[in-house]
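Dropping the structures in below, format is C-alpha cells.
Shared chain: chain A. Partners: chain B in the first complex, chain C in the second.
Right after this comes the complex of A and B.
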C-alpha cells in the first residue's frame, strides 16, 4: 500500500508537468490551477507517505529498472530521506496553494503555464534526489534539479537583471554539479561501485569528500560560494524564491549528511572545516543581510546565515563523532536537521509574504514601503510570525532548533583537548553574535516594511492580498508555532530523547503572565484611551521623511562592522582647461565593494577567459585542421604504444 | 509539576515584583547623594507606578497593534525570565525552567517587541532608540554567551537552579573564578539595563537615549508596565550575581522561616549591590556611542580569559 502511495504521488507530479506542457499555447487559468492542484495533491500524498516512514521507522526500497548489473535506477527511503521528503512536501504544498492566486497576477500570458509545469519538474527532481539509492541517479536528478531551477529563475527573461542573475546562477550551479560528479567518480575509484556504501579511509575518499563538500557548499550558498543567492532570488518570482531557498538549499544539506553518514568515516579535521565554513557563513551572511535594502536579497542573505547555522551543527556532529561522544553528536545532528525543517518553514513563509508585499507595493526596496500594517493586516501578522521565528525567539521554532546547537556547544566542556575547547568557545561567541544580529535585522525589516507611515505613494495605496495568498503562508505560520511550542513533545513522539526545555510550559507561563498583567490593569488602572498625533517636537504634522529609515536603523552596525563592509569611492571629474582649474562635470559615487566578486570570482573568470582565448586558436572550424589533429593523435598513440611494447 | 514548584512560581513572582522598584529607587538615591542632593524617597518608584496607573493611555494615530501588545508581552517575557532566577527559594527544576539559554532569549523576546514599538509611532526618537538598542545588544551578545558558557563550564550544568544549589552548597566566599565571572556579569548588567556609561536612565536627551527613547511614546498604565519590567530585569540580573557569589541564606527547602530569612538577606544584599551600581554610575561619564564596542571588547577579553584559565587549570 505504501509503495502505491509513493508511486501515485510521483505520477501526480508527472501529470502536473504534462498538463501545462500540452496546453502551453492556451492562456487559461484552469490549466494552471489544475497543474498547481496536482502539486498540492502530490505534496499531501508525499507528506502522508513520509510521515508513515518517519513514525514506523521502516525502510522502503524499490528498484525501477536495472539495465546493468552494476547500475540500477532504484529508490530507497529511510527515516533521514523521509524527513527531507516531509520538508519538500510541506513547503511545496503551501507554495502551490499561494501560487494559484499569485501566478494570475504575473505578466507573461501562456508562459505562466510553463512556469507551473517547470515548478512541478523542479519539485519532482528534488524529491527524486532525496530518494535516490545510488550515486548515479543522485547525480542525474541533481542535474535535473539544477536545470529546471535555472529555467524558473529565467522566467522574466527580458529584464537585464534577470539575464545577469540567470547566467550567474547557471555557471555556479554547473560548478556545483561538476564538483559533485568529481566526488562521485573519485568514490567509484575507491569502492568500485555506485552504491551509497561505506568507502573506508584513504586519500581518494578524502579527495572525494572535499569535492562533494565544495559541490554541496556551492548549492547551499556557503560563503565564499554564496554570490548566486542574492542575484537569483530577487530575479525569480516569489514562490520560486521560496522553493529554492527553503527546499533546494536543504537538498544540498541532505546530500552532505547522507554522504557523511553512509559513505565516509569522517575525520576530526573535516569537522573543523565544516564548522569554519558554517560559522563564517552565518556571521558574514547576517552582516550582509543587515546592509541589504532589497527585501528579497535580504532574505537571500539570511538564508546564507541559516545554512551556516545548519553547517555549524553538522560540523559539531563530525567533531563529536571523532571524539567518540555519540550523545552530543546526535544532539548536534538533530539540531542541524531540525533547523533545516524550521528554516524551510519560516523562510518560505517570509518569501511568500514578501512576495505579497512586493505585489502590493510594486517595489522591492524597503525604503519605499512602510505603514503596511494598517493596509495589509493579515500579511503583516504572518510576516511577523516568520520574523519572530527567524530571530530565534522563544517559543517559536527557530529557537527550538538553535537551542539544540547551543546545548551541544555548551556541552563541549566534555571534550578532552583544551585547545579545541577554546576554539569551540570562539565559534560559540560568533554563533551568539549571529542570532543577535538576525534579531536586529528583522526588527529593521519588519519596522521599515510594515510600521510607521508609508514612504511612497504605492505603499500608501497598497491593498491586502486575496485569500489564497494568505492561506498558504498561514499554514506555514501555524507550522512555525507548532514546531516551536511542541518541540519537546515532537521529539518524544518520534522516539528521540533530547535535553530540551519544555517550550509548551514556557508558552503557557508566558500566556498566564500576560493574562494576569492584563487582568491587573483591567481592574486597577484607568481605562481612558486617547488617540493623538506622534510628538514631533512642535512640528505641526508628522511626515514620512521624519521617521527612521532602514538605512538609518542599521547605521550603527554599519559603522561598528565597517571593516567588513568595504566601500569604494569613485570620483571622476572633467575640466575645461588643461591645468584642471575650471570644472566642467563629474560623477562621485560611494558603493559597497563586492569583495568576493572582485577578489575571488572575477580573477577566476579572467584566468578561464584567457585560457579559453588561447585554446580557441586551435579551433579554426576548418575540417582539414581537425583531420590533421586526428592524424597527429593517431600517430602519437601508435608511437606511445610501440614505446610501451 | 509538584506543589512546591507551584508555590515557587508564586513566591518568586511576588518577591521580584515587590522588591524591584525598591532597588531602582536605591540606585537613584545613591546617585543623588554623590551629587550632593538629598534625592527622592526610596519608595518613589512605587509612587510613580501608582500614579501612572491612574493616567490615561495615549496612542499615536500612526501606531498599530504592536504598540498595544508590547507592554503586555514585555512584562510577561520578563516575569517568566525572572522565574528562571530564583530570588529566595530554589526548588527542583521542572521541564527546563531555569535553562540559561532560554533565559537569555526571553530577555531578547522582550527587547524585540520593545524595539518594534519604538519604530511603530514613526517618531525619530523611538527609531533612534531601537536602532541603538539592537546594535548594542548584538555586540554585547558574544560576551554574554561566553560568560554563560563559563558558568556552565564551572558548574557543569545548563540550569540556573542547579548552579544556585551548587553555589549554596560551596558557601561564601565563592571561588576566585566566580568572582571574576561576577565582574563580567556586572558589565552585562550595566549594558542590559541601559546604565552609564552605555546609556543614561535619567534623561530623555537624544544624545543619550537608548532605552528611554524606545519607551518615549508609551504612556499611562502601559508606561507603568514598561518601567516595572525594566525594574524586574534589573532585579533578576542582580539576583544572578548575588546568588552565585554570596549565596548564604538562600533557601533550598520550603519552610516559612527559611523563606523569611532568605528574603530579608536578599533585600540586604540587593541594597548593597544597588549601592555599588549607583556608585559605579556616579564615578563614570557617559561614553560616546561608537566607543562602546571597545568597552565590550574588554569585557569579552576578560571573560574569554577566564575560560582559558579554567580550561588549562
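Right after this comes the complex of A and C.
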C-alpha cells in the first residue's frame, strides 16, 4: 500500500511533466492548470506517504533497475528521507497552488507550459535525490536537479540580468556537481562500492568529506560560495525562487546530513569547519541582507543566513558527537533539521508574497513601494506572519527551531576543553547577533514595503492579488504558526524527547500579556482628544520622498558594519570662494565593494581564462597535430610503465 | 615434423622483413610501390601466423592467416591500387612535423627505446629472452611507426596506409603476446575494409564521374595542386 502510494505520486509528477511538454505549442490555461494540478495531487500523496513513514518509523526500499552487480538504481526511504520528502511535498503543493494563478500573469505565451513541465521535473529530481539509496543515483538525480533548475532560472532568457544570472548559476551548480562527483569517486576508492555504507577513517574518506562539503556548500549557498543566490533568485519567477530557496538548498543540507550519518565517522575538526562555515554564513548573510533593496535579493541573502544557522546546528552535532555527548548532539541535529523545515515554510511564504508584491507594483526595489498594507491587506498580513517567523519571534516556528540550537550552545559549558568552550561561546554570541539583525532586517522590509505612503505611482495603484495567490501562502503561514505553537507536541507525536519550552504556553502567556497591556492602557489612558499635525520640518506638505526610507532605517547598521561592507564614499565639492563657504557644484557617490567577487571569484575566473587561453592553443583544428598528441601520449605511457610504475 | 628451432629462426627473419617494410613505408615518396610494400608486409604477417601455427598448433592462428591473406594481401591493396590508378598521384612529397629521414632515425630510436622499456617491465620474468618478447617489441614499434606515418604525411591515401600499418602492429602484438580473440581480429579487419572502401568511394565515387569529384579530391588532399587545371 505504502509502496504503491509512493510510485503513484512519482507517476503523477511524471504526468505533470508530460502534459505541458506534449501541449507545448498550445497557449491554453487548461494545460498549465492540469500540470500544476498534478503537482498538487502528487505533493499531497507524497506528503501522506512521508507522514506514514515518519510516524511508523518503517524503512521502505525498492530496487528499480540493476544493470550491473555493483550498481543498481534503487530507492530507500527512512525517517530522515521521509522528513525531507514531507518538506518537499508541503512547499511544492503550496507553490503549485499559488502558481496556478501567478503563471497566467507571466509573459511568455506557450513557454509557460514548459515552465510548468520543468517545475515538475525539478520537484521530481529533488525528491529522487532524497530517496536515492546509492551514490550513483544520488549523483544522477543531483545533476538532473541542477539542469532543470537552470532551465527554470533562464525562463526570462532574453533579459541581460537573467542571462548573467543563468550563466553564473550554471557555472556554480556545475562546480557543485563536480565536487560531489569527486567525493563519490573518492568514497568508491575507499569502500569499493557505490552504496551509502560506512567508509571508516582514512585519508581518502577525509578528502571525500571535504569534496562533498564543498559541493553541498556551493548548492546550499554557504559563504564564500553564495554569490549565485542573489543573482538567480531575483532572475527567476517567484514560485521558482520559493522552490529553490525553500527546498533545493535543503537537498544540499540533506546530502550533508545523510553522508555524515551513514557514511563518515566525523572527526572533531570536521565539526569545527562546518560550525565556522555556518556561523560566518549566518552573520555575513544577514549583514548583506540588511544592505539589499531588491526584495528578492534580500530574501536570497536571508536564505544564506538561515542555511548558515542549519550548518551551525550540524557543526554542533559533529562536535558533540566527537565529545561523546549524544544528548546534546541529538538536540543540535534536531535543531538543524527542524530549522530546515521551518525555513522552508517561512521562506517560501515570503518569496510567494514578495512575488505578489512585485506582481502588483512591477518593481523589486523596496524604496519604490510603501503603503501596500491598505492596498494589499491579506498579502501584507501573510508577509507579516513570515517576517515574524523568520525574525525568530515567539511563538512562531523560527523561534522554536532556533531555541534548540541556542539550548545546544548554552549546554556546551559541559565541554571539558576550556579553549573549545570559548570558541563555542564566541559562536553563540555571533549566533545571537544574527537573530537580532534578522529582526532588524525584516522590520525594515515590512516597514518599507507595506507601511507609510506609496513611494511610486505603481505602488499607489497596487491591488490585492487573486484568491489562489493568497491560498498557497495562507497554508504556509498556518504551517508557520502550527509548527511554532505546537512544536513540543509535534516532537512528542513523532516520539522524540526534546528539552524545549511548551510554545503553546509561551504563546498563551504572550497573548495574555498583550491583552493585559492593552487593557491597562485602555482603562488608564487619558480620554482627552488632542488634534495636531505631525512636525514636518517646516515644509508645507508631507511628500512620500520625505518618509523614513529603508536606506535611512539601515544607515546606523551600515555604519557599524562599514568594515564588512567596505563602503566607498566619494564626495567632491567646488566652491566659489577661497574659504569654501559658497558652494558651487559637487558630486557624491556611495558604492559597495563586492569583496567575494573582487577577491575570490574574479581572480579565479582570470586564472581560468588565462589557462584556457594557453590550453586552447593546443586545439589547432589540424588532424595531424592531434595524431601527434596521441603519439606523444603513447610514448609518455611507455616511459611511465617502463621506468616510473 | 619441422624443427622448432628452425621455425624460430624463420620468424626472426620475418621480423627483419617487417622492420624493413615499415622503414620503407615511412621513408618512401613513391606511392605506387607503397601499396605493394604494404601487401608484402601483410604477407609476412601471414607467414608469421603460419609459422606460429606450426609451433603451437592453434587453429585460430590458421584462421588469422587466412583472413589476413584474403583482406590485407588481396582485397585492401586492390582497392588502394584502384584509387591510385584513378587519382593519378605518383609521389607524396608533402610532410608535417617530420621529414622521411627524421622519421627513419626516430623510428630506429623508438625501437631501441621500446626494447629497453619492455626489458624493464619484463625484468626477471621467464619470457624476457623469448621470441614473444621480440614480437611485442616489433609489434609496438610497428604500431608507432604507422602512427608516425599518419601524422607526418599530408595525403589521405598515405594516412590510410599508415593506419593499416598500425593495425599490422596490433596484429603482430596480438599474435605474440595478448592472443586477441579471433572475433575481435575479424572485426578489426572488417573495419579496415570499410575504411578503405569509404576512401575509395570518397575518391572515385560509385555513381558519378571523376569531374564531379574534383573538388572533393582537393578537400581530402587527394590530388596535387598541379593537377587542378582543366
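The rule is simple: the second predicted complex is superposed on the first by the 582 of 645 C-alpha atoms of A that agree within 3 Å, B and C clash if a C-alpha of one lies under 4 Å from a C-alpha of the other, contacts with A are read in each partner's own complex, and residues count from 1 in each chain.
Here is the rule we use: contacts are C-beta pairs under 8 Å (C-beta built on N, C-alpha and C of every residue); 3 or more make two chains touch, one makes a residue touch a chain.
Keep in mind that what you see is a predicted model, and the values were worked out from it rather than measured.
A.B. asks: Identify the partner contact of A:628: answer first if only chain B is touched, second if only chain C is, both if each is, neither if none is.
C.D. replies: Only chain C is touched by A:628; chain B is not.
A.B. asks: Report for A:84: first if it touches chain B alone, second if chain C alone, otherwise both or neither.
C.D. replies: A:84 contacts neither chain B nor chain C.
A.B. asks: By the touch definition at the top of the document, which applies to A:446: first (chain B), second (chain C), both, or neither?
C.D. replies: It touches chain B, and chain C stays clear.
A.B. asks: Just chain B (first), just chain C (second), both, or neither: which does A:642 touch?
C.D. replies: After superposing on A, A:642 lies in contact with chain C but is clear of chain B.
A.B. asks: With both complexes overlaid on chain A, does A:225 touch chain B (first), chain C (second), both or neither?
C.D. replies: neither
A.B. asks: Of chain B and chain C, which one touches more residues of chain A?
C.D. replies: Between chain B and chain C, B touches the greater number of residues in chain A.
A.B. asks: Can you list the residues of chain A that meet both chain B and chain C?
C.D. replies: Common interface on chain A, chain B vs chain C: nothing in common.
A.B. asks: Of all residues in chain A, which touch chain C in the complex?
C.D. replies: 623-625, 627-628, 630-631, 634-635, 638-639, 641-643
A.B. asks: Please name which positions on chain B make contact with chain A in the complex.
C.D. replies: Interface residues on the chain B side: 9, 13, 53-66, 71-73, 75-77, 79-80, 83, 94-97, 99, 101-102, 105-106, 108-109, 111-112, 115-116, 119-124, 126-128, 130-132, 134-135, 137-139, 141-146, 148-149, 152-153, 156, 158, 216-217, 220-221, 224-225, 289-290, 293, 300, 304, 307-308, 311-312.
A.B. asks: Touching residues of chain A toward chain B in the complex: what are they?
C.D. replies: Per the stated touch rule, the residues are 371, 373-374, 380, 388, 391-394, 399, 403, 406-407, 409-410, 413, 418, 421-422, 425-426, 428-433, 435-437, 439-440, 443-444, 446-448, 450-453, 488, 499-502, 505-506, 509-511, 513-514, 517-518, 521, 524-526, 528-536, 542, 544, 546-548, 552-557, 559-560.
A.B. asks: Quick check: in the complex, which residue numbers of chain C touch chain A?
C.D. replies: So the residues of chain C touching chain A come out as 96-97, 113-114, 116-118, 120-121, 140, 144, 147-148, 150-152, 154.
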